[in-house]
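Two complexes are shown next, each including chain A; its partner changes from chain B in the first to chain C in the second.
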Partner chain A sequence: MTLELSLNQQPAHLRQGSSIGQPLTRRDGFLKVTGAARYAADNHPPGMLYAVLAVSGIARGRVASLDVEAAKAHGGVVEVMTPQNRPPLATDPDAKNNPFMFRLDLLQNDRIRYPNQTIAVVIAETLEAATEGAALLSPRYEAQPARVGLDGAESFVPGGVGIGSPAVHHKGDVEAGLESAATRIEATYETSAQYHNAMEPHAIVAAWDGDSLSIDTPSQGLAMAQGRIAGLFGIAPQNIHIRSPFLGGGFGSKGMISGPQVLGILAARLVGCPVKLVLRREQMYGPAGHRAPTRQTLRMGMDREGRLTAIDHHAKTASSTFDDFFEPAADASHTLYASPAIATSHEAVRLDTGTPLFMRAPGEATGSIALESAIDEAAGACGMDPLEFRLRNYAEVEPMTGKPFSSKALRECYTLASERFGWQRRPLQPRQMPDKDGFLTGWGMGTATFPAIMFQAEARAVLRADGSGLMETGAQDMGQGAWTAFAQIAADGLGLDIDQVDFRAGSSDLPNAGIAGGSGHTATAGMAIHNAGAAVIARLADLATGHEASPLFGAGNEGVLARGGRLYRRDDENRSESYGEILARAGLAEIDGRGTGTPDPASREAYAMHAHGAVFAEVKVDPDFGQIRVTRLVGAFAAGRVINPRLVRSQYYGGMIWGVSFALHEEAVTDRRSGRIQNANLAEYHVPVNADVPSVEALLVHEDDPYVNALGIKGVGEIGITGTAGAVANAVWHATGVRPRRFPIRIEDLLG
Partner chain B sequence: MTSLPLALTINGHRYELEVDPRVTLLDLLRERLELTGTKKGCDRGQCGACTVLVDGKRINSCLALAVSHDGAKVLTIEGVSHGEDLHPVQAAFIAHDGFQCGFCTPGQIMSTLGLIAEAQAGDDPERIREGMSGNLCRCAAYGGIVEAVLEAQEQLAKADRRTAA
Partner chain C sequence: MKNFDYIRPTTIPDAIAAAAEPGSAYLAGGTNLLDLMKGGVTSPERIVDISRLAELNRIERLADGGLRLGALVRNADLAHDPEFARSYPAVAEALLSGASAQLRNAATVGGNLLQRTRCSYFYDTASACNKREPGAGCDALGGENRLHAVLGWSDACIATHPSDFCVPLVALDAVVEIEGKKGRRHVTLEEFHRLPGETPQRENGLEPGDLIVGVRLPAEAASFSANARYLKVRERTSYAFAVVSAAAALVVEGGKIRQARLALGGVAAKPWRARSAEAVLLGADADETSFVRAADAALADASPSGDNAFKIELARRIVVRALMSALAGTPGRLPALPASPFSSIPGVRHDA
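What follows is the complex of A and B.
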């Protein structure tokens, strides 16, 4: 059962030789603007029932009682799943055997460890009956005091941060560097807990057929989800088919399968028919991950010329009481600014929350806003322009490791974006630019950076006798444009026009495309596609060059080019043959080839690999009321090869607006008495709306990188947040003279 | 729960239904009529993903009980294009990359149709941004959305002038 998607493109795309680099419109655009794109919750298999979660109203304790009888007696309710009747699992959901595996709450007991943890699942004939049934459960609790906030529990040094990064790093002697400095700054910044809030709530439609399982659910990592479910249920991964053709946003929250998604599968097991379970918006504030709060202290020393003599970056963060994810915020200081001495360190507390997880630029975003604020303060302490200060401390090699960069066009980003913005007209002192309406105008900047990560992926390429091609990889499109960008890479890899290529993705029965995360999906699955294309072309070339009847006979494998559905002799392009002719002569309907995408250990050892950018922001602040508006953003980014500039620009825009959101909007507020989140909804948890968004410009800086991978791709999904958040904060300082030290910036902080 | 009779014209088709009075217009569309183009993002009228036109006006269908709209004409995303021929608003959303994940897109497009019909924003981007601010886009494709609204509005005005002439 393969997923059939009819992708097309309107209006018709441009084509000038190759597909890579063309600003094609989205191939899934037609489906998305007509409502035909099928997201998980749009599925409705025959006989499907509705499952609704009942979730905990306390942060810590146990469920003392549930009125299961009242729920079951309600019209339309079919079953109530509790720890008493939840179907058995093959493995303990609290067990973990790798750093990408997180503990899940699957009704294994009556313990409550965070608000909104599932305590029962009500299954009914209609959504309305299930919702009312869940309300009738009237839970009673034995509650314990909630541990809330970064001072709410004893702190410790975690064994690692992020995925396996040591909690403490240092080079050189930071104390000596600070001691010898002509100027020093020290500042502490706080960032708030944030929730991904993808527009599409986590959803699953699960159907069992014996021990085979069919699932529609959004996933940023199909093979990983398949493996996790297989382990939990004790069935073979190939007996699980997951379809995820479209994610309604992910941002990290759909990277790992979440507890509620597995509960949907358990509910279907319990009642013996297909079940749909969709999280309510408020239920996403707990079991689906979040960005943990941080408190970061930076100390910097500068010599008389404004050169950094030391950077010390310490971050305190939080994880849940029962699992480990520590936001690696201080690691942001490893890569950007040259300094003879750098120290980064982390400490953490355990709180009664769901486990924090990867959220778009995990660590990079939190670390960046603090680092870029501190750099601005350091520039101010030296009496220097913030851009001049950054250039004075420009890192020619990666500061922490001393490795050369595989490529780094950051200087070009600074130049392009600052000129576009008009930065040279900026007065050094704050509060110098009131506008005609009496608002205080401020200009600020930040440097953006994100590592060029690669995971592991596989792809399969097919060439058919009719001259068309097929590329298969279980890639995930959460909005970044996988349906389009990968088809472009596939077309070039196969030497075909993109219209001749059938591209299949978004399904677990295809080759493992790895994770859509870490800004590494295009590089990783893109390389698998590229290599699969090369493999099948090599087979085709063998067929042609080895056959006397071919005009390519004797050309050798290296001696042909694939272009426009034909192979050409490299040394004589007048001699060529179409794919169809070659396959027909060989009597083959089709041939295939496989490729993998994987980081090259030698080049990764030799080089530091990062994308870079520079972001400039203008804000206007009402001097009486403290209201802040971002009026202009200009960013320039260098991230290696650009597959599709239209889609890449959209990724930068989106990231930059997340940066604005980080600086000014997003904050989950926890009630200190109950431990519950007070604003678990889209009215009170603020994300930018259209009116919040200024003129945004993202400029693409050309960058060739021969080391990062053969295609030269770095990744663009997350870098836009970094740099931008700090630029907005620095612009607020420039407007008002008040240095923001907690985020989001509150009006009262400016009026104080 | 006793069902109530309900007549609706949805995308030009007349439906005679018996509907549980608890059912929202959104859940009627999605769960009973298999018109799943309209999306549920919050079920609280806070995100706009469920925007449809009821008697020509844009509403959050999650906040509307279906039975309270007896006799209404409803337009959903499925009724906007003519087969393969996209409406100018839809084509403009593609051309200006006014979406990424696409989940809010049906609501954005229905809201755009409502906004243009209201004829309050004109070609002022600031007013368009304001008028489209009931529709959240977490991917933040807001710039493309505003460009798409402006272009579609211009296309529609041209078409109107041609019709008038």
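What follows is the complex of A and C.
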């Protein structure tokens, strides 16, 4: 792949001899702001046709008829793909043999199981002709009543939640803990269905050449996508080349290849030429995942000192009728607050919706807003300041498992953010801070947490005789700045200036970099890059220290250091040699090395690994109208080693703004009868605009973690939502005295 | 998208002749029409693009002291015209509270009047909608309708008119200039939009081919400039339609209300002129007690059409606040968050 990424040169890293830790601006920023970055849908191979989905208007039933003739008769329409003529697949799209394999709707039959499910694909010479062709299909349905809402079907206990976590966990005796408590609270909170709504819709340009397939499509997990497509089509994974240099956001919805993307490949197969398929915004509300709604009940007991005696967190959620993804909301109570007794449990219903999926902080976000609200209520019930209450119940070891934390600088986060915010001046009671203009002001806080996850990744490093380096890994940049952060790790791993390193990613023909998800991509692919660098440097060192002509000859056990394109004798830095000299003498044009990034099972067994943070929010509420504005957000986060503070801060900002969105804005309004989503567009599906977030601050707290991985990286992509959503809700309570019990908080909830 | 003819007439009579053919639609800024076409909500056979008719793009002062806004004047250009904003501050504030900067740059005077409802069932072609398909039924009834009408609705349709611009305009007795096959006629904005009754598809008095050429503000409208405000409650601080909004304009002398204008937005199928409230205000003391009585009068006939009873109480409170804000006086310059409660503050002391 040829990408012209020109580096923004920041001299700081030259002075300090390290790229890691420097606030470099994005390598791809220039391409993006000038429109030169080529996203999947920007590709137009010669002879390409356009495919448009026809989607179901009902939630449940079957397609009785489609007017294929009318569509085909429309000028420019080339073909209509229906269950009748859809090319065969090697694997049943309804088969599932691992929890990351989701059932897809690929026109395998005429059944409809959610609104916006694909019922046909129209392929035409122009987008307009395909669109009109899809409209001309005029489907008729045999409809059955839709099952809608958390009370819309019989509930059951799922076999597992999230990815394989048991639905029920407990330690200690919660009932006894509640019984013995001096103070108790019980509260129920509801969260709405949300859709990822990445700016870039799911798009694919697919071209077959015999049994080889070349595709441009956004993917958060190239190797997994490659494997899934290979399985569906019965071809070898290496016959599939996926290019995904840039994603316009993913948030989990591009983690697994979605049905419509596969339909684009099928369409290309059917017509025998390249096909482009781009989802319309409203078509993203169904086949591409979402965050399921929840109803969570928390019960807590506290002793006379405000120490928790029991936490019981129960969550009800929903999945589709045909597949399993259960938002693990209650698991949020496993890691944050010390309590001798903790119980978490889940129940679920099956509804006529698309299957829910990982959505930025899946479980953590939904669970956090309920848990942090309940903690606020518990503090109130004890007459304690919410920060003091949290410190009183600070978990020195992971509450559910008793494991020590690999590192936990949460106390520092509380201190730094609360001081910055001015929390000490907060009155305990609500409605005590009308401002000079008459608005009700409220201050609230929440604790943020997210596990430090690692997957598996590989990377390949090359050193060339001209002194430059190459690092290759099939990593994915969703827009978070991975191109830059990984290049920084690569530069340090190779002992080169970052401008000397050619960094390649975003393509499936590179080493498998695992998935960009779970906030684990930087740690996982970063470790692979780091280790690949170390491997190639080790080879180079062997060449030098083993050769009599080298000033490094016989460096022996003392070893060498790699820095600025030279190897130095560790015990005598006056003796050094450049990479080019070493390779030239050995008569080699280049050498390479490989590295992997994997979690270390022993340290994972011994330690609980989480990033933490503290978020403080100020809201103003109009006393008569209930309109809310978050006027100030201050968060402090400790998430291990920071590769690039500028990018990390951006992740925190984005997460915190998402938290505001969770508390105040986001909701898929679902018709209670039809199950159709009524606001499947960005005008009416609200996320915050700039005016909603006038002041957001993210502070970085230093944290060394020797156990998570050699680089000490945790992850920063999702944590910002947790803590923030609850902080906003708690601030609304503090402003108004009304406890928000459903999210997003609506004007009518505060009108009183 | 269905194929259509595209015509770009160079004169008004040509435009009217072209648009009089069945299945025609005028294209102005296109910010509403094109969305509706892409969604399959409307599918005109002929687009008559009037966007280049320069004569419709003028703001003219009239001999009688009134002002004439050409139908194609862009919402942003109008709001940012300093003289316009000085004379009709509530209108400028309403314009700037609508949509986003990009949309306001494209949206026009005529298009704004004629924008369709945001009722989601109207947009969702899989749902039944009497407005889209007369006689089909109304899926908003009994559905997700917390933002629907509380005034003037019928069992056939409970949709609202979403415009901000129209709310102060109707309060200020604006007049719509229409040119059609039979020549030019003038209709007050108050009469221009219709309530749904049995025929929600008939939203206004336009006949095929009728072109809005302009909107007139009578001379009197500028007399409120010292005490005129627009206030809009919405579900985020900017870039959202009104849950409920109100325009209030007063002339106060010696503590008594000499003239009063009040209109509500987001509550009915038309911008809602609250004449009964104006009657309460006329001659009354300019104080909160009178404003509360006016609010009660304005909402006396309101009733929920679904899960939206809260909008009635909200509307009352907005009316009171809008009148308080108007009484406090028009700010020297437009607030940074136009029409937001976070600018025109509860105590009405100053602008944020």
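Assorted remarks:
Everything below uses one rule, namely that the second predicted complex is superposed on the first by the 734 of 752 C-alpha atoms of A that agree within 3 Å, B and C clash if a C-alpha of one lies under 4 Å from a C-alpha of the other, contacts with A are read in each partner's own complex, and residues count from 1 in each chain.
Note that contacts are C-beta pairs under 8 Å (C-beta built on N, C-alpha and C of every residue); 3 or more make two chains touch, one makes a residue touch a chain.
In this text, all values refer to a predicted model and were calculated from it rather than measured experimentally.
Once the two complexes are laid over each other on the shared chain, residue contacts for A:A41 go to chain B alone; chain C is not touched. When the two complexes are overlaid on their common chain A, residue A:Q424 makes contact with neither chain B nor chain C. After overlaying the two complexes on the shared chain, residue contacts for A:E128 are found with chain B and with chain C alike.
Of the two partner chains, chain C is the only one that A:D622 touches; chain B does not reach it.
Of the two partner chains, chain C is the only one that A:Q678 touches; chain B does not reach it.
When the two structures are aligned on the shared chain, A:V689 is found in touch with chain B and with chain C. After overlaying the two complexes on the shared chain, residue contacts for A:L647 are found with chain B alone; chain C is out of touch. In the superposed model, more residues of chain A are touched by B than by the other of chain B and chain C. By the document's definition of touching, of the two partners only chain B reaches A:V33; chain C does not.
Of the two partner chains placed by the overlay, neither chain B nor chain C lies in contact with A:N98. Counting contacts as defined above, chain A residues 75, 128, 681, 683, 688-692 meet chain B in one complex and chain C in the other.
Remark: chain A residues 57-58, 75, 115, 128, 131-132, 135, 436-439, 620, 622-627, 629, 664-665, 669-674, 676, 678-679, 681, 683-684, 686, 688-692, 746-748, 751 touch chain C in the complex. Of all residues in chain B, only 1, 20, 22-23, 27, 30-31, 34-44, 46-47, 49, 76-78, 80-81, 86, 90-91, 93-95, 97, 99-106, 109, 126, 128-130, 132-146 touch chain A in the complex they form.
Chain A contributes residues 10-11, 25-26, 28-39, 41-42, 44, 50, 75, 126-128, 197-201, 246-251, 278, 280-281, 478-481, 646-647, 649-651, 653-654, 657-658, 681-683, 687-693, 695-696 to its touches with chain B in the complex. For chain C in complex with chain A, the touching residues are 1-3, 40, 118, 120-121, 123-127, 139, 142-144, 146, 233-240, 243, 310, 313-314, 317-318, 320-321, 337, 340-342, 345-347, 349-350, 352.
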